[in-house]
Amino acid sequence: MGKLTIGCFSSLVGSTNLDFAVKLSAAAMEKGHKVDLWVSGNGTMLSLTAQRAFKDYSYLEKTVTELMEKGLNVTACEACAESRGYHEDHTLAGVKRFSMDWYLASSFDADRVLHIGGE
Amino acid sequence: MGKLTIGCFSSLVGSTNLDFAVKLSAAAMEKGHKVDLWVSGNGTMLSLTAQRAFKDYSYLEKTVTELMEKGLNVTACEACAESRGYHEDHTLAGVKRFSMDWYLASSFDADRVLHIGGE
Amino acid sequence: MKLAAFVSDYRNTVDTLDRLKPEKLGIILIQNGVYHATTKEKGNASPVLGYSADYYVLQEDLETRGYTSADVGDNIKVITVSDVVDLLFNDYDKSAWL
Amino acid sequence: MKLAAFVSDYRNTVDTLDRLKPEKLGIILIQNGVYHATTKEKGNASPVLGYSADYYVLQEDLETRGYTSADVGDNIKVITVSDVVDLLFNDYDKSAWL
Amino acid sequence: MATTKLGFIVQRPGVKSENPKLALTHAIASQSVEIYLNDGDLVTADIAFIGDGVLNCKKDQKPEYLDMSTTESHIKMSLLLDLNVLICKEDLERFGMTEKDVVIDAEEFGADIEAKVVPYEEINKMMEDVNHLLFF
Amino acid sequence: MATTKLGFIVQRPGVKSENPKLALTHAIASQSVEIYLNDGDLVTADIAFIGDGVLNCKKDQKPEYLDMSTTESHIKMSLLLDLNVLICKEDLERFGMTEKDVVIDAEEFGADIEAKVVPYEEINKMMEDVNHLLFF
């Protein structure tokens, strides 16, 4: 079994890139792979707690919490989060916040890296 | 002098559409126009308080606060904000939160509407 | 109608400009739309400059990207945000952000 | 290299696919990229289908948009997210999200 | 007693981007705007799908994968609320699609009106006729 | 003692989108990654600008209008930190640009190396050579 590092830079609500990143994480974990998920840029939106579920918007808080209980490693870019006003005290339990070098360190021993950047 | 209603749906950090919307608001107010600014979608990011100013990211909190003191009317889409985890208690002082009909009501007596939607 | 169309990207994902047929059309190049004014590809000007329209480009968005008004053709008017307000109120009655 | 390229938009703003010359190329159509698999324009298939590559399309993104595997040509393999994991680990060594 | 007419123009495909859905939810909000207005004042919303935007009108969209409402259901809701929904005929033809491929009615919800597949010329007329345009 | 090589490929113009700048800040983070690694282990970052991405390399970008750092200054910082910065020659030529139009050195910061304008073929070699690709 291998290690997959996913970086996602797009927002939770407004784009479905994060939905895909989370689904891919779940599918990889189900096959026994270890998964690190780095969220940066607008993707740091995933790290905010107390998002409200509405039928018109993406909602991943519950899924991500369950996946973290099963071992998914989620880290948000601290500067990207702070610049948006997402502070430590509103961060979803279990999500870590580090500098960008965390993503590179995760890639160091990853077998595969999927970087969802563009746009 | 007229009334300009601006709707902006793009995020503060990650796109410069909101920067433009705020600059346009300031320029219109300087000419004596009344300006309503509606933020929806990822644009609701403008309504979050305590954003940190870094040189790598857009930062509008100070400018918007000053413009609101001069009469700029800023309203965020409540559902768009809530779905993202932006709640009342983290809202920038002076920014209102209403349903989408507020935007349409603002357009009712606007002389001009600039809707910054796409993407 | 008199329509002010804002082009804010270099690669447009919509072909709406092709269909708009207002009595008067203004095309305002802002943000990454300014590249249509500054940049030729293989010697050819951007097709966005090929409409029957009055053209404007935002000075600060030019300079932010490393260009000046000298990089822009005479057929494109270099304007400020303050000018955008006047265009919206005085010269056009509707606007379209494409 | 063996490269898996993800196409997630219908109107691509980059021409990177034209330049990539890996030993083996897989193109995975997801999100709005699935329209390349389902939709012809003026009777012509999307140019994105014209590369020398193995093609995949994500079933759930098809169905979310009102299509089924029946709307997709035989040269495109309909896959699940679970299959994407296997493609990444077993068939390709690098990936590119365009 | 005055009426302000808004034209919502959807130019892009949805799902990946929330913009087309926001166009529909904002247009639907024209039905509740009276609380802000004087008696008899109105805001109307016409909706037109042009270019790649017509792909939002495809029938049989499945909500379950993203666990989110579809643009199809929002178009039906718009019809139920008697909004004028226009779909560009030339763009459907460009994609080899016909009326059969797109959402036309919302009978199951009890809607009285249907979406109209019309030549672009009619959408152009709507754009001339409204007070303000909102491009999505 | 192992080295993992990352290739950062910038395909789009910046400013309006923060993505090219995030490419550079992430690449620069390769200089501080050791705190997470064992002694002697390394992560290297090569940066290539291709397609419209080369527009990020235009000289004389002014930061004052948006009150934000420019991609120009981030490229200079990358050079100061000895990162390998490649700019696609064919794409510059396509836009009628030459080495004179783009950021090549960061002498004023004391950088020892320069950005290299190279044929796409060399960027392709870099892409083959690295362990993982990150497209922006």
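Residue numbering begins at 1 within each chain, and the chains themselves are lettered A, B, C, D, E and F in the order written.
We take it that a contact is a pair of C-beta atoms (placed from the backbone, for glycine too) under 8 Å apart; a residue touches a chain by one contact, two chains touch by 3 or more.
Quantities reported herein were computed from a predicted structural model and do not represent experimental measurements.
Any chain that touches chain C and also touches chain E is listed here: B, D.
Bringing chain E onto chain F by least-squares fit of CA atoms involves turning it by 180°, to the nearest 5. Looking at which of D-F and A-E shares more C-beta pairs in contact, the answer is the pair D-F. With centres set at the average Cα position, the gap from chain C to chain F is 29 Å. With each centre defined as the average position of its C-alpha atoms, the distance from chain B to chain F rounds to 34 Å.
For chain B, the set of residues that touch two or more other chains comprises 13-14, 16-17, 41, 56-57, 59, 80, 112-113, 115, 117-118.
Across the assembly, chain D contributes 8-9, 11, 13-14, 31, 95, 97-98 as residues in contact with two or more other chains.
Touching two or more other chains at once are residues 11-12, 15-18, 25, 52, 66, 132-133, 135 of chain E. Here the chains touching each other pair up as A-B, A-D, A-E, A-F, B-C, B-E, B-F, C-D, C-E, C-F, D-E, D-F. Across the complex, chain D meets chain E through its residues 8-11, 31-32, 35, 39-43, 60-61, 63-67. Chain A contributes residues 13-17, 19, 55-59 to its touches with chain E in the complex. Taken together, the chain B residues at the contact with chain C in this complex read 2, 4, 16-17, 20, 23-24, 26-28, 30-31, 33, 111-118.
Chain B contributes residues 7, 9, 40-41, 80, 99-105, 107-110, 112-113, 115, 117-119 to its touches with chain E in the complex.
Interface residues of chain D, counted against chain C in their complex, comprise 9, 11, 13-14.
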